Amino acid sequence: MPTVALGLLLALGLQAGAPAASEAGAQPGSGAPARVLAWLEEADASLGGAPAGDPAGATGWIDTAKLPTLITALLFGLLMFRYQRRAARGVEIPIRRIPGLDAIDEAIGRATEMGRPVLYVPGIDEIKEIQTIYSMMILRHVARKTAEFGTTLIVPVRDSIVMTFAEEAVKGGCMDAGRPDAFVKDNIRYLSNEQFAYCAGVAGIMAREKPAANLMLGMFFAESLILAETGFMSGAIQVAGTAKQHQLPFFVAACDYTIMGEEYFAVTAYLTREPNLLGTIRAGDVLKILAVALLVAGIVLATVHALSADPAAPGWADVLRKLLAAGGGGGSA
Amino acid sequence: MMPPLLQVPPSFFSLDSSAPPDVLGGWIACFLTLAVFSFLYRDNPFYKLAEHVFIGLGTAYFALQYYEQGVLQKLQTHIVDASVLETVKLGGHEVPADVAIGLRAAAVVLSGMLLLRLVAPSSWAPRWPLAIMVGVYAALKMTGETQSKLVLLVGNSIQPIVSSEALPFGPDVRIEQTALWFTATKLIYYIGLICVLGHFVFTFRRTRTLAAVSRIGVVTLMITFGSMFGFTVLGRIALLIERVAMLKDYTAPEYALAGGTQAGLLATVLSPPVLLTVLMVALLALGALRRRERSPGPA
Amino acid sequence: MKREIPILLTVLCGLAVTWSFFSPVGVSSAMNAELLDWAQVFFSVAFLLGIANLVRISLKQVTAGHADSPYKLVMLAVLFGYLLAGLAEIHGWLPAAFTEEHGNKALRNWGHAKIFVPLQATMFSLLAFYIASAAFRAFRARSLEATLLLTAGAVVMLGQVPIGDELTGGWASRALAFLMVHVNGAGQKAIIMGATLGVLATGLRIVLGIERSYLSE
Amino acid sequence: MASVIANFDRRWIFLAVGLLVVSLYAAGISSELPESEYVRDFHATLEALPPGAIVLLSADFDPASAAELLPMYQGVIHHLFARDLRIVNVATWPAAPPFTQKEFARIAPLYGKTYGVDWVELGFLPGDDVAMGSIGQSLRSAYPRDDRRTSWADLPLLADVGDNMRGISLLITASAGYPGILEWIAQVGGRYDVTLLAGTTAVQTPDLFAFYPLQLKGFLGAATGATQYLQLAAPLAARLPTGEGALDEVRDENQRRMLVQSWAHILILALIVVGNVIYFRTRVPTGAARR
């Protein structure tokens, strides 16, 4: 965990300007935190940092209020590229198996038992949306499974470019399963470009071909509700997944299993072992733990200080807040 | 929304947006609204017509806005304005006018390269402007969001979990104002925040603590999604109520087929929403009957 | 040549905008303003290209005798009619007396108010019906998670409207206030921080020229 | 699957929702709402501004969200003009300008406000986040001309607006989604010295609690937030020639809708409960039910 210690040191060691010095800490008290705060503010002024209350007033070559953002970006970049290189060299980055993946395999298994098709909806956004690209990777995994079990796989799409990517993914999946003949081109169907007409098309497939498993993975908008409801009514086992939180409530309420938020990226990383993605997720985890460490330290310091004899004087929590360029001291979190 | 008082009777057709909505526009708006609602019964010609008018007009409207404000304003207006000046202030920095014009002329050339995609889809030229756009977007989002939606969020969350202003328990003190409530809710807040962050950690071995953290994180997430679910229901209902309010506005006698100003049953029946609903229901019922004759299965 | 120059352009422009964020003085702010303007122009032109694509597909469908051809013709007629009216207003092809009396936005605003507003507003209001039918047919308290979700949803639905307090003696809105600030607030903050790490990762890979997927369109 | 639910035609539910909304709306009973803390903060922030201060009002919505956001937008214009504040009006959603032009044309004369001095309409700016970054860094380069193609020289109000949001003390956005308040917080909130307020649709309201109150001073959440704010703002609005307050009609209309909102929520809750009761009572008892 040397990187975490390094990160902590970096964030605490380097000084940073603050757009608005916390009112509580303004007057120089006697304690050590007050001296540190005074030294930080004086260093700010010498570097031409933005004076308090005027975030856009920086005159120096670097806007000191933005140093924490620079440190965070550099730290994250270093970690990401380091882990990407290690992953590319084959060093095992342990990524926990998301239960959602088991739900997908279970759904495909049930569909095979009942001899009915699997329906895969890759979201309704274009290919430039990152979730649609990752949905293609998950589709390849699903296509491999359905090819192995000899189950029909239907992929309705809303965008002609996504259709070509979906065909590639399913063809690749069939190849992975060693059954190139399992690929059926007209099971990848372009229904309509209009949101609700697309849902009507998917509902038609559910009614006519009665898929036993509905997999809905990708970027969804207001129509997620209609797809989840129609799928539930057709009696299919449903697994949904999207990174955008606004559609998750409806998927959780109407589907058997939901892959939520960042789990969506973890599922893709688990399936594809793609170094870039593994490196990003690992670096993200480290930064989250660093953020939690900073939070806990700050809260403990702030609480101890608030209970101390002289809560008005600046405490170490105010130093930490200044280092993170946070706003005024008052107000709830 | 109908202006509060219909002092001036609505004219048959008027382009003045501050005048009361015109009669022709009223009939069109009511027909299109009811045509979209007819999709609830089943996909039918009225909905198909409304859908295609929507795609056609919406596409044209957006194209005009992006053309006028994104292309004309940014290229022609900028260059014409700069040509009469000595220096131009670019982002608060004085730049000689001809440099500004030269830079923007480069943007005109790059836009031309982007337009090449229409005639030669696989040519390399459109990639240059797209590459610039992607670079600017990625950098702007990365910097702004890292500061305001990561660093500042952590910084602003560093607060004490005890409050000096909170009141001790008392007869007329609401529970929300007591010190115990302040500390309890802050603990719930920070534990929830840390546990959801912990739930989304994937590359560390799954110890018992991480599993417990994840469990609390999921509970917090479910209540968060529940509140989003409740608010989404609230929002969708509000949209529907506004549509009903709009249709009710057009039941005013001035919009009835027979015109005139005296209210009454005849005026309401001949008003756009009622009359159009009756006509559409009749036509759709006719369609259903004809379908039943052709194929006696369910409608 | 086909790939190296675009990536170089992405890196240069990305670093210029990043540099002006951290050091917003002097020439960096002018460069940033110019690049933001360029991005707005290319964003608009790319949007117009998307529309040309739609028109091409629709024309192909009409000529191929697609089932919905009459509707596609209506769409194209409305599209080109409105486009023509708008261009006439923008470039002043209309008689001076007309523009004098109505200004140069009257035709577009009429189409917006009488056709676009009712269509888009009603299209989205359909969701109120779908939520009601999904509520009855699909929203099941099948697990602890789904039960928690539906309960919190019920608290919000009751707490936001006057009848909630009447039914629960004022507890609904107090429970709502607690849920929104102390549980939802924490959940949203964590979700947003996680999502921002994703934006930072993608941004770094694009600005440092490692991400190539957007070039393969 | 429960046979009761399987062959139950959902169009009966559609009919129930439609009838409930139409009949209750026709009844026209209105109900008052208690003001939430974040609505009072929104109102107080506006009240605290000195007369003559400049407010950047951004319309980031479209017809689909106008039902919730237009009443707020009207209330804010009345409130700003009533307190003699000056407004710079922009939009990052293309479908917003026709709404804003109409509201300003209707409301400004009530307060005797003149275009170019008391308010300026700069219109739609494409580019989503980039548009907001451009407005934040320099309104002058973002908008060479206003929406009526007059140049800056003929707009006295804009003489007091510099770069980096100088001269602008408050930014209010009527935000329907992306781009909206979250992008204003990222592109302007953290970089410049300006207070942020927002009116949002119901779908986006829960997100704001992550930023309230430090990065977002106050907000109006959903149609209910709009109603609460209109209750606070209506008394301040100008009097119409008929003696009635200019905002009273909009406030009464929103209050009339609260009753319909209430009973629609009760209907949906009932549907969830009944649906679950039927589901659990008729589920196949052999434990074959899915997880």
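To keep things simple, chains are lettered A, B, C and D as they appear, and every chain counts its residues starting from 1.
In the analysis below, a contact is a pair of C-beta atoms (placed from the backbone, for glycine too) under 8 Å apart; a residue touches a chain by one contact, two chains touch by 3 or more.
Values in this document were obtained by computation on a predicted structure and should not be read as measured data.
**Q** If you count the contact pairs for each chain pair, which pair has the most?
**A** Highest contact count belongs to chains B-C.
**Q** Round to the nearest whole Å and give the separation of the Cα centres of subunit B and subunit D.
**A** 11
**Q** Hey, how far is the Cα centre of subunit A from the one of subunit D, in Å?
**A** 28
**Q** What's the distance between the Cα centroids of subunit A and subunit B, rounded to whole Å?
**A** Between these chains, centre-to-centre, one finds 23 Å.
**Q** Between subunit A and subunit C, what is the gap in Å from one C-alpha centre to the other?
**A** So the centroids are 20 Å from each other.
**Q** Would you pick out the residues of subunit B that each touch at least 2 other chains?
**A** 17, 39-40, 51, 55, 61-62, 66, 69-70, 78, 90-92, 136-137, 140-147, 149-150, 152-154, 156-157, 189-190, 193, 197, 200, 221-222, 224-229, 231-234, 237, 239-240, 242-243
**Q** Identify all positions of subunit C at which a residue touches two or more other chains, and write them in rising order.
**A** In subunit C, 21-22, 24, 29, 32-33, 36-37, 39-40, 43-44, 47, 54, 108-109, 112-113, 116-121, 123-129, 131, 133, 137-140, 142, 145-146, 149-150, 153-154, 157, 160-161, 177, 180-181, 184-185, 188-189, 191-195, 197, 200, 202, 204, 214, 217 touch at least two other chains.
**Q** Going by the touch rule set out above, which residues of subunit D reach two or more other chains?
**A** 5, 14, 17, 64, 66-67, 95, 98, 101-102, 125-127, 130, 133, 137-138, 141, 163-164, 182, 190-191, 203, 206, 210, 214-215, 222, 224, 261, 264-265, 268, 290-291
**Q** Does the chain-touch network form a line, ring, star, complete graph or other?
**A** complete
**Q** For subunit A, which residues are in contact with subunit C within the complex?
**A** 56, 58-63, 66, 69-70, 72-73, 76-77, 80, 127-128, 130, 133, 160-161, 193, 196, 222, 225-226, 228-229, 232-233, 243, 245, 249-250, 252-254, 256, 261-262, 265, 276, 280, 283-284, 287-288, 291, 332-333
**Q** For a test of understanding, state which residues of subunit B touch subunit C in their complex under the given definition.
**A** Within the complex, subunit B touches subunit C at residues 15-17, 21, 25, 28-30, 32-33, 36-37, 39-40, 48-64, 66-72, 74-75, 78, 90-93, 95, 103-104, 107, 110-111, 114-115, 117-118, 124, 127-146, 149-150, 153-154, 157, 176, 185, 188-190, 192-193, 196-197, 200, 217-234, 236-237, 239-240, 242-243, 246.
**Q** Show which residues of subunit B lie in contact with subunit D when the two form their complex.
**A** Interface residues on subunit B, with respect to subunit D: 1, 3-5, 17-18, 40-41, 61-62, 65-66, 69-70, 73, 77-78, 81, 89-92, 136-137, 140-141, 144-145, 147-149, 152-153, 156, 224, 227-228, 231-235, 237-245, 248.
**Q** So in the complex, which bits of subunit B are touching subunit A?
**A** Of all residues in subunit B, those touching subunit A are 39, 43, 51, 55, 142-143, 146-147, 150-152, 154-164, 186, 189-190, 193-194, 197-198, 200-206, 221-222, 224-226, 228-229, 232.
**Q** How about subunit D: which of its residues touch subunit C in the complex?
**A** Interface residues on subunit D, with respect to subunit C: 5, 8, 10, 13-14, 16-18, 31-34, 36-37, 62-64, 66-67, 95, 98, 101-102, 125-128, 130-131, 133-134, 137-138, 141-142, 148, 163-164, 182, 191, 206-207, 209-210, 212, 222, 224, 258-259, 261-269, 271-272, 274-276, 279, 290-291.
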